[in-house]
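Every chain is named by a letter (A, B, C, D, E and F) in the order it is written, and numbering of its residues begins at 1.
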Amino acid sequence: MKRVSCVVVLLFASLFPRQSAPGLGAQAQQPLRIIALGAHPDDAELKASGVAALWAAAGHKVKFVAMTNGDVGHFESAGGPLAKRRIAEVAECAKILGIETQVLDIHDGELMPTLENRRTLARLIREWQADIVMGHRPYDYHPDHRYTGVLMDDAAVVVVAPFFVPDTKPTVRNPVFMYYSDNFQDPKPFTPTMVVGIDAAAEKKWKCVSAMPSQFADKDSWQGRTQQNVPQDDRERAAYLLDIVKKRNAAVAEQYRERLVALYGPERGKKIQYAEAFQLGQYGRQASIDELKKMFPGVQ
Amino acid sequence: MKRVSCVVVLLFASLFPRQSAPGLGAQAQQPLRIIALGAHPDDAELKASGVAALWAAAGHKVKFVAMTNGDVGHFESAGGPLAKRRIAEVAECAKILGIETQVLDIHDGELMPTLENRRTLARLIREWQADIVMGHRPYDYHPDHRYTGVLMDDAAVVVVAPFFVPDTKPTVRNPVFMYYSDNFQDPKPFTPTMVVGIDAAAEKKWKCVSAMPSQFADKDSWQGRTQQNVPQDDRERAAYLLDIVKKRNAAVAEQYRERLVALYGPERGKKIQYAEAFQLGQYGRQASIDELKKMFPGVQ
Amino acid sequence: MKRVSCVVVLLFASLFPRQSAPGLGAQAQQPLRIIALGAHPDDAELKASGVAALWAAAGHKVKFVAMTNGDVGHFESAGGPLAKRRIAEVAECAKILGIETQVLDIHDGELMPTLENRRTLARLIREWQADIVMGHRPYDYHPDHRYTGVLMDDAAVVVVAPFFVPDTKPTVRNPVFMYYSDNFQDPKPFTPTMVVGIDAAAEKKWKCVSAMPSQFADKDSWQGRTQQNVPQDDRERAAYLLDIVKKRNAAVAEQYRERLVALYGPERGKKIQYAEAFQLGQYGRQASIDELKKMFPGVQ
Amino acid sequence: MKRVSCVVVLLFASLFPRQSAPGLGAQAQQPLRIIALGAHPDDAELKASGVAALWAAAGHKVKFVAMTNGDVGHFESAGGPLAKRRIAEVAECAKILGIETQVLDIHDGELMPTLENRRTLARLIREWQADIVMGHRPYDYHPDHRYTGVLMDDAAVVVVAPFFVPDTKPTVRNPVFMYYSDNFQDPKPFTPTMVVGIDAAAEKKWKCVSAMPSQFADKDSWQGRTQQNVPQDDRERAAYLLDIVKKRNAAVAEQYRERLVALYGPERGKKIQYAEAFQLGQYGRQASIDELKKMFPGVQ
Amino acid sequence: MKRVSCVVVLLFASLFPRQSAPGLGAQAQQPLRIIALGAHPDDAELKASGVAALWAAAGHKVKFVAMTNGDVGHFESAGGPLAKRRIAEVAECAKILGIETQVLDIHDGELMPTLENRRTLARLIREWQADIVMGHRPYDYHPDHRYTGVLMDDAAVVVVAPFFVPDTKPTVRNPVFMYYSDNFQDPKPFTPTMVVGIDAAAEKKWKCVSAMPSQFADKDSWQGRTQQNVPQDDRERAAYLLDIVKKRNAAVAEQYRERLVALYGPERGKKIQYAEAFQLGQYGRQASIDELKKMFPGVQ
Amino acid sequence: MKRVSCVVVLLFASLFPRQSAPGLGAQAQQPLRIIALGAHPDDAELKASGVAALWAAAGHKVKFVAMTNGDVGHFESAGGPLAKRRIAEVAECAKILGIETQVLDIHDGELMPTLENRRTLARLIREWQADIVMGHRPYDYHPDHRYTGVLMDDAAVVVVAPFFVPDTKPTVRNPVFMYYSDNFQDPKPFTPTMVVGIDAAAEKKWKCVSAMPSQFADKDSWQGRTQQNVPQDDRERAAYLLDIVKKRNAAVAEQYRERLVALYGPERGKKIQYAEAFQLGQYGRQASIDELKKMFPGVQ
């Protein structure tokens, strides 16, 4: 089924001159709906809580979904008690950002690209009636990240098929799929389509990170145990680990400065301190840069 | 098991001078056997019915296999009734082309790279004693397409192992595996090895497409609902959707014109209006271009 | 969980100046622990028995693991009897090399990237407390090879998580993951990080290959039946098939001569006759070339 | 874990004299919560809509769950369109009965006793905070019925374990599990624990059955095609098929008349025309007959 | 779906007086179609080749299907070579009996009650348009036997659903399902419905057993190694092991003599030396004894 | 394969007079090897640590295996930390009893009757070269218990097949399979074959139970939270919960007193205070009562 269309679009873009997007204008008036997937309860938060806060502030609807319950990534606690703590942490974080959140009850380290999970994800995207779906590249470093990417790819087309999961309404049209930035090179490096300056939301992002001590503050948190030179004092440790997150967001801005300048113009683009970066996936709707600029907050 | 040989062949091709292919000459006298996989009942038809008709006309044996029954890709009908309709459509199409066809009873959107499916595919290739196996790249846009590609890759070696599915005779030697063209770029774009001019078979291809109204004519067919500016009138709609298919085959010729010229010579290569393109897969037999030219109809 | 660290390391290597590796000095005094995975009982032997013999001779601890029992890759025997024969062959080979060996009881041609297999592999790496893990690229030619690569990638992070397979102690730190060389180009060719001259261990490697007649000598062995011009006489056939292996190790040296020279210096690098090549994987610890040189035998 | 308690209760009931159930008194004031599982969208309706209507009328909370979407059991329609029609039919039926309803999106004929389904069911029971769970015996005639029974058995204990599906609150105590009546003898016949006279709700039940024409009225409905002597006229057919259902409820009353008399006393018990029968399962809470009588509507 | 009918039939047999089976008379003129399942290639042969030979001689159509390829049950050989030998043995046996045969390529000891296998079996029954399906009880001694029984039970209803495996025609009506005799007591012993005297076909049965030396004659066959006091001489061993089979068929006659007398009358019933016994399953069509008598060869 | 023998033994026991068991005499001199399965780390301990201590004291070899790691059955802790604690507890218990122990790393509540688990169990039984295998009935109350029973049944035959898991030596002959006592009635109640007086080992059993505070002493242990009237004081609670275990062992003696008298004679049988009871399974070796008496400690 369903494969002539997109190819034709690519080959004969000129044959079907895109109407000057009258529907889009109409749509621009109603809030966008974004769903952002993370492998664990802190991944969407790390990769997209800046843009999420900006979207939310502009009246758009954002939902974060953790594909696993994060019940393994700690050096002292695990299982149900850790899962429950993390559900509470991302709920707190969502409150700060002004968005919704959900944590799937799949064991950390056990996310597989099964048909059941494909159906679950397709249903989530359809229920949210998403315009934009975000998630990890299938080349990211952790199997749960990679299989989040695979599941996202595998859901990309079927979300519009009325009879794939017939108990939920399909999306009106194919959403745009965007990957989070990462630094992996095989088989291909991340190439930013959109880089979003998040300075206006940075405080919210840092507050959100601070609301997840099981990840970024505990003596036995993953970061607390795997980073180098981590302070012993609780307060110092939290500040130190938050600082690493800040530096990473600054590094994204630095690494993709050229793209920031292209998107925001030189004046604004050069000033941006913190950024989040996203690559347009090839399997969902192939929105043009102009259309994407209108969809991402603050870019134009 | 079994991995020294091909590597050695690649590295030391000169150490083992290929005999001037006496077997091939012998083989040339007997019909080639081709099996072409599609994810849904219309995919092999779209990608390879031109070359299939040419092969059939030259006395070779072609079989199309749809890996799923296509029971989801419609906006009004689904399930068994749609599956049965599609089985009948591709049967009609096969009659037009002069080939055989089979539809696996796997739900549309649910093809997975399982061991069961690997065995099923290996058995199909062995039973057909295929010289050439065709299918989607594992980077195509729909999960059923991608997993058709994965299954094809996963079957590539085991079809020659006598005891993999011991109830069917292995192929005498490793078949050639060819991917269909697509326009996806990640992680790597399609690179044509063979581009086949199908002008002599174009009418048969259009007739075949017209024999699949559940895909290319119904008001609620996938194409009818996802293409833009589709006419309301039944007859006009069918013509309009067929025209998109024609344009796509013309676009393949245009996009890979250089390769057509290289394969057919400038005179013939420049005149070709409609084409189908195929890339040699890296996991099956690494046939030389000269050998491939002899295998593909009309190329030389 | 756990994704800030490595990225930060990549981006801000200068922010966290690596201590002059005092731990490494301490570690250098204790033997390295290497685990090398093969898809079948002969793969690790073909790809890494030279370096393994060198490591073993230097007092380091090496273990080969065959992920399947190789019970299909023969033209006359199969199933349990073949599996038992192959277990005995690699045991003999391990004795020659001075290493340990293990064969997982998974049918040849049936290795899948399941959660069970991920757990099994993570447990093997943890039990061995591996510093280095070796295996096939996920792009190698046989599905069992590719899924060995996928499983290796999928185990890379979780081997350090204390509660992933809580019945085994996690590794003290993330091991280095290295891929074996192959000649496949899609989606990306192999790029050697380390190329190891194995001349000093070559005799052991040939002896090891000769200890596996079910693979390299039987009239109905895979090599005996798929290579060209194989002699009929038993002794001649064994010599002929061993010679192919020798030539392949010579070809690796030739193909990556430049890298050999870079690693060993021109004088030693140019003289090396036989070599094995390895690429640093992107998912485990990102050791520097200097550190890797200290880990690989004879390189410095 | 957790196995001493119930056995002790059975063996030493006298050692732990049940307190005169103060909690139960308290509980009696709050509505009971019942969840009734059917294999397909019409099974809970056929087996328990009488008692459901009585419970609902008394202020208790009832939910029907169809474990599959029933997308195969028709002779003319199937797949998504049939599933959607059936979802609408049971919703209409639930409105008539005054209960809630849900249809799981699992293909008809494909319900398997997987871990995923066990988790789904445990979550449904926990979310509903069920006092009573009803469903098919694992010996019923259709695989979807039998595996509904197996899943029910498999969920019976884990619904109270706080960390089994930690995203949902466990039930306060183990629910009572009840099987629907059937006439199968292997390996053991159904033995009624509770038989409920449903005369007061019979009209609602017949109305509910009539609200499911895809099951009980269509010319090509399952009943319409598999029953004998089915009338051709649409209206007559619906009446005829409804009559079979009525007779079946009358037959249950007749078959278990003795038990009705025991439960209701001879006067009331003999007069009951229509009944539904339930057997206490051995894996959930072993409520006494006296307690069950207080739970079932109209019995005392 | 589909559950009212059979229950109603049981409860209200009198309401729907069976027509004096005019269809059956018609049917009697056309050959019956029987499909008999064995877990391994020799099970249907052991349990039903007597009755199969009688049916075949009377012009009915019989097919034996081995659910696994028997590639483990030998003490010297295994895997593909054993599987191929056994396929050849049952083919020889089928020739002797005058029936068809098929061996599924599933590893011995690995048959699972999966959805794939349910579909495979349903398709086999539908393709054969079976009137009678035979197989092991789900309580038999070997997991492959038990899961053959489970799969048979799970296929019993869906073979008549047009859209379950829509690529094959459903059976016209529900077949009769019959279990082979065994001596297991848990949870319930075998109870014979039909016991068939096979004296007229006994020689064919012994010849068929003798055609399977990998099972009943090899020094390292399962029987040759697990029976007691097995002779060393090849010819004596074969005779000894065949004799055990003969005695077992005599024991069936003895054990169910009463039933033989009831079915054949005292004169014939008492004389029968060898017999095969079958129990009517509860999930398929509930044929009456009179109808069954007409279906089984030689009973009346 | 392999089904004539046992049936023949049952039917024709007289045809093959058992030799006066010379092998058994020989075997009696060498220690028996027993493997006892529990669903969770405390189940084998509860059901069989009395008999295990007696066997161990007599020089026989006993191993307990927990099929899951028990990482859910607690009200405060879960996941890896709980699993590790329980591994340590059963290790302590094994030390007290003089036996070996192993805990499989499968999540509590997630044991499934998969092929992988069948292989794992078959391998465990073969490695232990078990004479006796013990475990739960497939009718016990918790899914992990029931599937332990199913896996035990499914392993019963294949442990003697040389090529089922060819990496481990098969057992010399089929072990005896024994089920633990339980009080479930569906589809059939437990019937004791052997009841063992454990008074001489009772103190060891109580000490073993006391060594598992996560199960029998913690305020938030399963027992601590699900039993009634549990004391608040830590020491009192432990004593109270241990007392329940003691009473249960006394109840087994009482419930099966008749069998104790039959096995031990009236004098000894009547005096026994604590007992454990076992039922001979129908799928393993059908040892006679006399032979079983010789195998069980203290019975004769």
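The working rule: a contact is a pair of C-beta atoms (placed from the backbone, for glycine too) under 8 Å apart; a residue touches a chain by one contact, two chains touch by 3 or more.
Only a predicted model underlies this, so the values are computations on that prediction, with no experimental measurement involved.
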For this session: Tell me which chain's centre, taken as the mean of its C-alpha atoms, is farthest from chain E.
Result: A
For this session: Averaged over CA atoms, how far is the centre of chain C from the centre of chain D? Could you give it in whole Å?
Result: 57
For this session: Can you check how far apart chain D and chain F are, centre to centre, with Cα atoms defining each centre and the answer in Å?
Result: 36
For this session: Would you kindly tell me how far, in whole Å, the mean C-alpha position of chain F lies from that of chain A?
Result: 50
For this session: Can you tell me which residues of chain F touch two or more of the remaining chains?
Result: 71-72, 78-81, 162-164, 166, 187-188
Problem set entry | Those chain pairs that satisfy the touch definition | A-B, A-C, A-D, A-F, B-C, B-D, B-E, C-E, C-F, D-E, D-F, E-F
Seminar exercise, completed: Within their complex, chain C touches chain F through residues 69, 71, 79-81, 83-84, 87, 103, 105, 116, 119, 123, 162-168
Problem set entry | Complex contact set, residues of chain F against chain A | 71-72, 76-82, 107
Problem set entry | Residue numbers on chain E that touch chain F, as the complex places them | 40, 42-43, 46, 70, 72-75, 78-79, 108-110, 112, 140-143, 145-146, 182-188, 215, 222-223, 226-229, 244-245, 247-248, 251, 255
Exercise. Residues of chain F touching chain E in their complex?
Worked result: 1-8, 10-12, 15-16, 114-115, 118, 153-154, 156-158, 160-164, 166, 187-188, 282-283
